[in-house]
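Note that chain A is present in both complexes that follow, paired respectively with chain B and with chain C.
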Partner chain A sequence: MQRLRSAAAALFGGGTGTVFALLIVILAGIFAMNPGFFEGPSLMAFLKQAAPLVILAAGQYFVIVSGNFDLSVGALVGAQVVIAARLIDGEESRTVPVLLVMLAFGLTVGLVNGLITTVLKVQSFITTLGMLLVLYGAIRLWTGGAPTGALSEAFRKVGRHGIDDVPLVGQIPWALLVMLAVGAGAILLMRTRFGRIVMATGDNDLAAALSGARVATVRTAAFVLSGLSATIAGVLIGGFAGVSAQVGEGLEFTVITEVVLGGVALGGGRGTALAAMAGALAIEALFTLFNQMALPATLRPTVQGAIIIAAVAYAARQRTRPAAVTAPATVSPS
Partner chain B sequence: MRTLNTTALSSTAMIYLALAGVLAVGGAAVALDGGNLFATANLVDMLTRTSLTGFLAIGMTLVILCRSLDLSVGYTAALSSLVAATTMDGQAANIPLAIGAVLLVAGLIGAANGAIIAFLKVNPFIATLGTGLIIKGYLDTEYKGPAGDVPAAFQQFGYTRIAFVPVSALVMLAVAGAAIWYLRSTRTGHHMYAVGGDIDVARMSGIRTTRVLLTAHVLCGMAAGVAGLLLAARFGTGSAEAYTNLYELDAIAAVVLGGTLLLGGKGGVAGTVAGVAILAVLDTVFNVMQIDPFAKDVLRGVVIIAAVALYARRQLDRTARRPRFAISEGRA
Partner chain C sequence: MQTTRLAFASAAALGLLLATGCTTDAPTESQDDATSGAPSGDEWFVQAEYDEQLAQRDIEPEGDPSQPWLQAIEPEWIDTSQYAREGGDATVCFSNASVSNPWRVTGWITMQEQVKVLQEAGEIGEFRHSDAGDDDDQQISDIQAFVDSGECDALIISPSTTATLTPAVETACASGIPVIVFDRGVNTDCATTFIHPIGGYAYGADAAEFLVENLEPGSTVLALRILPGVDVLEHRWAAAQEIFGDSELEILGNEFTGGDAAEIKNIVTQYLQRGDVDGIWMDAGDGAVAAIEAFEDAGKPYPVMAGEDELSFMRKWEETGMTAIAPVYSNFQWRTPVLAATMILNGEQVPAEWVLPQDPITEAELADYLERNADMPSLHYAKFGGEDLPGFPDAWRDR
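Moving on to the complex of A and B:
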């Protein structure tokens, strides 16, 4: 009985467990509308499409839990896709070198975000907003407004194809495997010493610093991880959707929504990587549900906005009650 | 009281000094290029650019001072332009009604933001992102294109100017003046600083913090409504597409450029006006020198980060002297 009650509390308490309850409800809704969705191929197609967002959510999770924001991920994803197209320019042999260039670029952007935030003490909102503008402008400046070049087949493989002829599911997309690897990596990383320090830093950076944690290093590392996740997501999105000037636009707000839906508190120190990624899956599943209910796509933002407010309000209600004095009711992330 | 005035003055003065510096460097650069930054056409361009961001940034200053944020102002402005244009419907007689309707709708959106933040304890970033998305969905679904018709009489608001000063910029400066007076001379204005400084201390000192937050958000919403009126006057019609310009990010950039702390409790509208002006001067300089518009985004990003890094440096020295404590004490 006790266990049952604590399980119920975990599911409906407004913390990280709630997102799984929400995910199950949405999936049940999809099943009710269209039982065929859970047959191998269409489920795999859904996961292939959701994979980049789950990966971005994992990266954003580290930044948010350490007490910051990363508003530059959408622009970084767009930049990576455009860089890939321009440098590869259809030549198969350039695929691997360009991937290395993209990796270096993504890590550098994360590092710069982290250093400006920690060393120059600029709030991450402003740092990454500035980075968003810089990346947006620089990429268009470099390409003259419209992306040029083309991706190679090998490059597009990861986002588009998978292991074929698997019994039951048909095809296991590479994107799904990448997503699982990144997800497992994020969860394991949070269990290491580094992960604990990230969490402690987001919860109370002063206390963490006084306990000997290298707060600045950890926060910078979180930004680098976000840059890495944006790079991986860029490879997948570029392969899946191809090259256009709009790739990645507005993605940062979707990703932050998803992470917060996973019960990760803005301001840091609360929430798990698994729940953040589940939040991403929940939002993507919700969009699938809309499609099946034939709701106009233009209504998506409205429902997304209502859900995110409701979810956070629900979580806040639970948290302020038991410990009204100690709980920081409105923690603004720095 | 005296320490407060001197520090506030010096930090605002620094921003106006920076504005003068940007004007001087920009003027010199344009002169080297063979142009004149201070020619009438360029001055008009510069001042025209200030008004729209100005309205949004003034409202944004109030909420940021309360340690809140409003990411929905761009959507509110777009919706307001539609409300204005459809209510006017080409009839000059409907103008007062339309202005009233816009202020009501925009104020209600602000009130909703404030209520979600103050009563439901939702983080302002999420709350206003959410309301913004809700409005976006409504606009996308209901308005496929421009709607409504703004009578010529009201379009004057967008185009008339006295000498080289556009009327819209004058109205913006008047609103800024009113906001400065409000923050300096009214009780609620002072309470906004207190709430932004430390909401718990403010509450324990007897300030009705929810009421202050609500007021700030309603005023911010109404300022966005005025920006929407200006959009309608300029376009001659209501435009849902206006939100794609990400005005809210411009406004936040102008506010922090103007020296208001994103963490609340410190800053003011005078600085914000200078921040808006700096961005407008940069835009005009780029325009006159025909620099690639995308380079503008790059430089804008760098300027914003650099400015805040500079302020952060000053702020570090000052936290040692606990300025927030001094403010609430001096004002109480």
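Moving on to the complex of A and C:
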């Protein structure tokens, strides 16, 4: 009984465990609708399309847990794909140089976001909303309204292809391997001193600063990590589906929903990277379930909105309870 | 204990949400017939317009077939001698809704190249333009500014939406200058001429008829749509529903994709996980290649497909040898308004409603159009109609 109750507490006790319970429920729903989903190839296809969002969630996790938002990731993904298409213009030989340009661009955008937020003391909501609009407008100005050029086959390989002829699953997508690497990196990073400072900063930045943490540096670094994750996601999304004018639109809200669903409180200081990424998988699985149930895709924004509100309200209920009850369960970065 | 209760409550709430989601949307799933397939299908369907457009496809247009942008279907010529002016070098103004998609970007380049020719010939002096960025209010004030300046000898308008822009167009007409409306229409016929290809019903019907002819009865078709509520797109889907409704095809669903390639690929991939998809109907070609790639990556045979005359799709079509058609929403219509402006300012007759031809590109013409557009970027439209302009091909290639 005691064990049952502690298991229940882990699953429903806010944040980390809950999202795994939800993921299992959703996957069970998909299984009930279409058992074929769990056959190797279609499961791999699902993971391939979910990979960029999981990676974005990992990046957004650092920003949110340190007490900020990054609304510019969707526009940054779009900008990266459009930049890549225009600079590569179908030439295989340009693939690697352009990837380096994208990397530099992504890190720069993250750095600018971070510095504006920390040095100029502009709220991150405003900073990154501004960055969203700047990127959106600049890309349209630069391309005359619609993307031009084309991605090379080599560029597209990571997002579209994988290791073929694997027994049982058919193909292991490169995107899945990238996702696992990024995910492992994020989890390990949170175990380092940096990770603990990020968490402490989000929880109480004044206390963190008084105890000697370089709050501004850590927060800026979180934005840079988000810029990096948006760049990787851009490479995967561009590779997956090619270039289009709308690529990346609305991703910021999907990603924030996913991270919040993973139990990372808006305002920072709580939640694990693993749960944030599980939140991403849960949302993508939920949309797959919607598709299996033949619900229209237009229902998605509504559901996303409901999830954000419900998840934050749920987390708020947790927080208003006496600190003695929740404290041990929450301050455990991983 | 409280947490558990709360968890049950949220689970119940989620269940409720899913349940309501199911019930409200169930009818769209269970009925495939022409009038109730999509939530917004009915209000966009006007039988008379549908019949007219389908008939117009078979009418031989007047004019030189080598210059389709000057052809007109059953034109009613009107006198414009009241607008005739001496001396050439007219100031022509253009209020553009936006250049927010590749189709409009392509057309806008063509229009500018046509203007250059008319400027060399001394017909047009200054060409002013404003871009409203898809914002109705912005376009209303753009039009007002042109009218207030008093310097436009003719005003060309490509409205962003139909109803909202109507009063602004009426204001422009009332100022006494010739007004030329093209692409999307407005709810007034005060403009001197309204230029447009046959229309959305014809487009949707071309695509749907092709699928009906090339698929076995009982085959499954997935419809991919950009977004709801835009008349030219809604008409395409309304016409398709008419034709699918009378066919033996099974419509698996109609999904809004926002034209986003990643979204299209996700949706098609998920439908392929549920079962076979034999045909793809699209209301516009944006992202068509992503849909085709979803079949490739899933290891399924290519669908019978209706895309658009966007080159990325046409190149993929040739490369794969799939059974396809490229319906056309004639991009060359962007040449016509500036030509019409100079005709009107010379006092020449123009059609009151200038209906341009709109012929889909079939497999037989595919190689020819690809050859002609060999240098063009992938987000370019095959029937852009600017091959004879002096700026060709650089202006379109180096956009």
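The rule is short, and it goes like this: the second predicted complex is superposed on the first by the 317 of 334 C-alpha atoms of A that agree within 3 Å, B and C clash if a C-alpha of one lies under 4 Å from a C-alpha of the other, contacts with A are read in each partner's own complex, and residues count from 1 in each chain.
By definition in this document, a residue touches a chain if its C-beta (ideal position, glycine included) is under 8 Å from a C-beta of that chain, and two chains touch if they have at least 3 such contacts.
Keep in mind that this is a model prediction, so the values were computed, not measured.
Of the two partner chains, neither chain B nor chain C is touched by A:209.
By the document's definition of touching, of the two partners only chain B reaches A:134; chain C does not.
By the touch criterion defined above, A:45 lies against chain C but remains apart from chain B after alignment on the C-alpha atoms of chain A.
Residue contacts after overlaying the shared chain place A:241 against chain C, while chain B stays out of touching range.
Of the two partner chains placed by the overlay, chain B and chain C both lie in contact with A:296. In the superposition on chain A, A:125 makes contact with chain B only, while chain C stays out of contact range. In the superposition on chain A, contact is made by A:266 with chain B only, not with chain C. When the shared chain is aligned, chain B and chain C each come close enough to touch A:317. Looking at the shared chain after the overlay, A:306 reaches both chain B and chain C. In the superposition on chain A, the residues of chain A contacting both chain B and chain C are 140, 145, 296, 298-299, 303, 306, 317.
Chain C makes touch with chain A in their complex at residues 2-4, 6-7, 10, 13-14, 17, 21-22, 25, 28-29, 39, 98-102, 104-105, 108, 228, 253, 255-267, 269-271, 273-274, 286-287, 289-290, 293, 297-299, 312, 377-379, 399.
Within the complex formed with chain A, the residues of chain B that make contact are 67-69, 116-117, 120-127, 129-134, 136-138, 140-141, 199, 249, 252-253, 256, 262-264, 292, 294-302, 304-305, 308-309, 312-313, 315-316.
Considering their complex, residues 69, 116, 120-123, 125-127, 129-134, 136-138, 140-141, 145, 253, 256-257, 260, 265-267, 296, 298-306, 308-309, 312-313, 316-317, 320, 329-334 of chain A touch chain B. The part of chain A that touches chain C in the complex is made up of residues 8-9, 11-14, 18, 34, 36-37, 41-42, 45, 49, 140, 144-150, 160, 237, 240-247, 249, 288, 290-299, 303, 306, 310, 314, 317-318, 321.
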